[in-house]
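What follows is subunit A paired twice: with subunit B in the first complex and subunit C in the second.
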Partner chain A sequence: MADTGFLPKENLPALLEALSKKFAVFAPVLDGEVVLFKRFAPGATLCLTRPANLPPKGIIFPQSETLFNFNFKKDPEDPKKTSLELKENLDFVPTIIFGSRPCDAQGFRIYDRVYLETDTADPYYKGRREKTTIITLACNAPSPGCFCTSVGRGPAESDGSDLMMTELGKGYFFEPMTEKGKEIFKDSLFEDGSAYKEQAQKAHERVSALVKKPFAILEGTPEKLLSLFENSQFWEGETAKCISCGACTYLCPTCYCFNITDEQVGNSGERIRSWDACMFFHFTLEASSHNPRQNKHQRLKNRVGHKFSYYPKKYQGVIACCGCGRCIRYCPMSVDISEIVAHAQGA
Partner chain B sequence: MFIEKLKEAVRKILPEVDVVIGYRQGFDPLHATPYFLDKPEQVDQLIWNPLCVQNLCSYIPFLKGKVGVIVKGCDSRAIVQYMQEKLITRENIKVIGVPCLRVISVKKVMAAINQQTVQEVTFEGDNIIVKIPEGPKTIPSADVAPRKCATCQLATPLQYDVLAGEAIQSNKPQDTFEETKEFEKLSLEERRAYWEKEFDRCIRCYACRNACPMCICQDKCIAESRDPHWTSQRANVTEKAMFHMIHGLHLAGRCISCEECERVCPMDIPVAKIKKKISMDLKELFGYEAGMNPDDTPPMYTFKVEEATIEEHEI
Partner chain C sequence: MSSIHNPYLPEIGTVIKIIDETPNIKSFQVVLNNPEKMKNFTFEPGQVGQLSLFGVGESTFVINSPPTRMDYLQFSVMKAGEVTSALHELAEGDQIGVRAPLGNWFPYAQMKGKQILFIGGGIGLAPLRTLILFMLDQRADYGDITIIYGARTPNDLCYKDELKEWEERSDVNMILTVDNEFPGWDKRVGLVPNVLKEVAPSPENTVAITCGPPIMIKFTLQALSELKFKDDQIITTLEKRMKCGIGICGRCNIGTMYVCKDGPVFSLTQLNELPAEL
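Let's look at the complex of A and B:
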């Protein structure tokens, strides 16, 4: 069989329906003016013309998940004695993320280093990640705020994706990147794509050139940011307009911090893991009531620092921002992370 | 040019305050961004156009020292409400008022241009012209204005120490809460279904709360506290709805209808509708509108044995 494929646009629903028989398929769907990844159902209004408002991160790293249920059982003979019953929640189903963008897929690569590529892999993340196939659509235009090419990625970046697709006139050009991708690709709906390869390549280059470049190079940025760590005047200036909400973090495909809480009623309950945001006051609030990040400038400094300094320092220079621009596009106050980084470089 | 008058006003105020909050150009031509300035050479970066949407008053209660702030009519109700609730020392605030007949909703423009990248924005008469990759698109400003502007009576701010430009009169009809009344005609089940669908999108980022000029609890909000434990970290509609009820009810008689909550929501949830309903009820029950008169007492801040507008039940 051919290495690449082509699928006429009118066959896309058929492909998704076929895949839905074997996988839980999530695709970008229009909900009012908002694009969200939802479980695909025939007749859904797919929206492939722009990145989803919320990246698909929640499919592998849910906003809130029950890690396990617990139950304290009293011994009927001796009520002082209790035993503990635990029920783990590790059933994951084969899943497809269809129509993610290259930046969305890159997000999972950022998580992988933290949650998979360690000697204590996270079983929940790992369970879902391994069962998920990511089909990514190369962008055919940058969205407001995008700057992926400035952080070493791009609108056709394939790292993190199992199967890449590119929109070309009447259909989509498909190219598998992994074994998982090849599996999907076996579907008979695909035509031979070799005639389109060059055209796809050209499209990638064209779009790449359109992405804005807030800074030319990143070399030295992690060190520069570290050197500004104590410079509260710089950070106060950059963050005065920030209202310290969670929008940037929750919309970010590379933010992976979580909170753990127990919800108990009577003798039983559940342990929940949920997204957390370093922009929240409570993120670093200690039991003693001391808070090392009392002020919002310390919090936004962490958000920028984590992505452009601490993470790259820890993981061979990899920047933990894929340049998707969501935090810029949807920030209530139009705070621009790329501008903060550029200012830091010049400070 | 109006912008020159505004800069002039800011230059005049600047020596008297520690910081002035205005607007400068944001990351693209469609976005203005709040600008905190304390040096005369920064004044030239200021901009003023209908895209200067943020309510800059929201920052004031959290700032120390003397603050100058650029304020539109609707925003000025926040100043008045802060005065009622003694959240600011009025003498420390220098209000630079701007006459305003309408702003433009960025979300509505983005919807009208199918969320494309904006290359240039110009204003011509009552139109906004947005240049997108396929060419310029002319949109009547009234079509993309937030709903608050359609019935705004405050073309000139209620409070100001300096007014940039001339005081003007509103040319708009009074708000009759038509949309709210229409919505109330739906059955309970229909309204419930509506809000369940809307709240389902909520990611609890709390942007609506943090942008609200009257949400002054902020870090102490009971939506996040473990003790008292009103909401959990579950991401279901019940929890989300609970947060929105907390937000709505804590603003009863305090919401100044700037609609910042709705403007900032990244999930496009019409949360201002909830506040609007509460404002309508407050007006009906207590004849009260928040943020109109500094000498008023918000109805929830006081107690009267007999309310003039509420009929007592016979015991």
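Let's look at the complex of A and C:
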């Protein structure tokens, strides 16, 4: 078998239909004016011309999920006694994320260090992550706000993806990156891709050069941000427009914070975890009413600090921002994290 | 149940005894229902646990019984928020969820042969209690033990029976204080940091371990530095709002440190290296 492949555009629906027989396939589809990852169904209008509004992170890390169910049972012998039963569900189905962008796939790599590469791995994340194959489409043009090349990544970066695809004229060039990717690639719909390899390489270089670069290098930035920690004037200035809505974190492929809450009806209920964000006042509010991040500038400082200082310091310099630009494109107040970092570097 | 370790799934335990410590603090003695798990349970002094009331939620408390006394795990709870108020409604025999042990512990191995100075305020005696009992159970390993403990009023002092025992022991120097004069109180009166300055223990070959309300900690650290204690001779524990307890949910960070996993125990040297966000 050839080690790269080519798929004519008209065969794409057939490929997705074939994959749907074995996997739960999620692909970007147009929903009104927005592009969202949805369970693929034959006849769906795929939208591969721009990055999805929401990254696919929810497929592996759902916005809200049950950690376990609890059930209080009355003892039939002694009705005054109740026993308690907990039930977890760690069964996950084989899944494909089709049409992720390189930055979106990178987001999972940021998660991996926190959720997998620890002595207390997260079994829900691990279960889904291991069962998911990520097929990534290299970008053929940057979107407004994109700055992936500034954070050590790029529009054809393959780390975090199992199978890479590049749009070339009448079809897509495919290159498997992992064993999981090779599995998919076995499908008979693929033609030999070796003739397209060079063309794909050229396309990657062309797009990479088009991505805007708000900052040239990041060296020293983690330390610089720490040195600005107590400079509230700087942070208040940078945060003036922010309304603490949290949209930036919900749209972020690397934001991984969550809350845990209980819901109960009658004798049974569930413990649930849901996305949460350091941009919210309640995130760090303590029972004593003390709040170490009382003001919005302290919260935005944590978001910038986590991505560009704390995470890189903890994980060998890796920046916890993949440069997808969503927080810049969709912030209702036009707060721009890349500008904040650039200002910090110059402060 | 699956064989994968699920750090979010609590063990079920039974509250075997509830002690009213003060008008708003209760201690709960808990035994895990699975005898095998209870028998194999190990932890280090200073580690914490998450107590669960299903339908209400979880909250973090230090295990304040020492690993040298494993008949039960004890947690002391001050009524403050939703979970702690619900915990105060529990009765002996009730079921409770336990996720433990979590976090780091007191570096007691490095304290062997040294004089130990405990400085606690209010419910801040809880983590100290673990270490005090642990050390008293291996008394010969440590030098002089001094405990300075205070609360607002005599009624607000925790573990009253033990305080009495420690006062009576000849190998413990126990100093109790309350903030203001109180009918029937014949011991010291004054805030903990001021009493510390009066007692003026020598920093020579000594480790100071302090825990209490933030304002007490602030002035205690000042007092210790006036007494010429160096930062690496001072150990304290931090509190933050926590959820996962395993360094994942992102809630409890101070810079790069996650209090739930890298803490709650820190030396003052370590704290000084962190951004000022307490």
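The rule we apply is simple: the second predicted complex is superposed on the first by the 345 of 347 C-alpha atoms of A that agree within 3 Å, B and C clash if a C-alpha of one lies under 4 Å from a C-alpha of the other, contacts with A are read in each partner's own complex, and residues count from 1 in each chain.
Everything below uses one rule, namely that a contact is a pair of C-beta atoms (placed from the backbone, for glycine too) under 8 Å apart; a residue touches a chain by one contact, two chains touch by 3 or more.
What you see is a predicted model; the values in this text were computed from it and never measured.
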So, after the overlay on subunit A, do subunit B and subunit C clash or fit? They fit
Quiz item: Given the touch rule stated above, what does A:Gly246 touch, subunit B (first), subunit C (second), both, or neither?
Solution: first
After superposition on the shared chain, which partner residues are touched by A:Ala287: those of subunit B (first), subunit C (second), both, or neither? second
So in the superposed three-chain picture, is A:Cys278 touching just subunit B, just subunit C, both, or none of them (first/second/both/neither)? second
| Touch check for A:Ser232: first (subunit B), second (subunit C), both, or neither? | neither
Please indicate which partner A:Thr261 is in contact with in the superposed arrangement: first for subunit B, second for subunit C, both, or neither.
both
| request: Could you look at A:Tyr115 and tell me whether it touches subunit B, subunit C, both or neither (first, second, both, neither)? | output: second
Which partner does A:Ser64 contact after superposing on A: first (subunit B), second (subunit C), both, neither? first
Exercise. Identify the partner contact of A:Gln201: answer first if only subunit B is touched, second if only subunit C is, both if each is, neither if none is.
Key: neither
Min C-alpha distance subunit B to subunit C after superposition on A, in Å, is 9
After superposition on chain A, the subunit A residues reached by both subunit B and subunit C are 259, 261, 263
Seen from subunit B, its contact residues with subunit A in the complex are 26-28, 30-36, 54, 58-59, 107, 110-111, 114-118, 133, 201, 203-207, 209-211, 218-219, 224, 226, 232-236, 260, 263-264, 266-268
Within their complex, subunit A touches subunit C through residues 67-68, 70, 72, 82-84, 86, 88, 90, 114-115, 118, 120, 122-123, 126-127, 226, 229-230, 256-264, 269, 271, 273, 276, 278, 283-288, 290, 292-293, 298, 302, 305-306, 309-310, 313-314
Subunit A residues touching subunit B in their complex are 31-34, 36, 49-50, 53-54, 62-64, 141-145, 237, 240-241, 243-247, 249-251, 259, 261, 263, 272, 274, 277, 280-282, 328, 330, 332-336, 338-339
Residue set of subunit C touching subunit A in the complex reads 1-2, 4-10, 12, 54-59, 80-81, 84, 95, 97, 214, 239-241, 243-244, 246-251, 253-256, 275-278
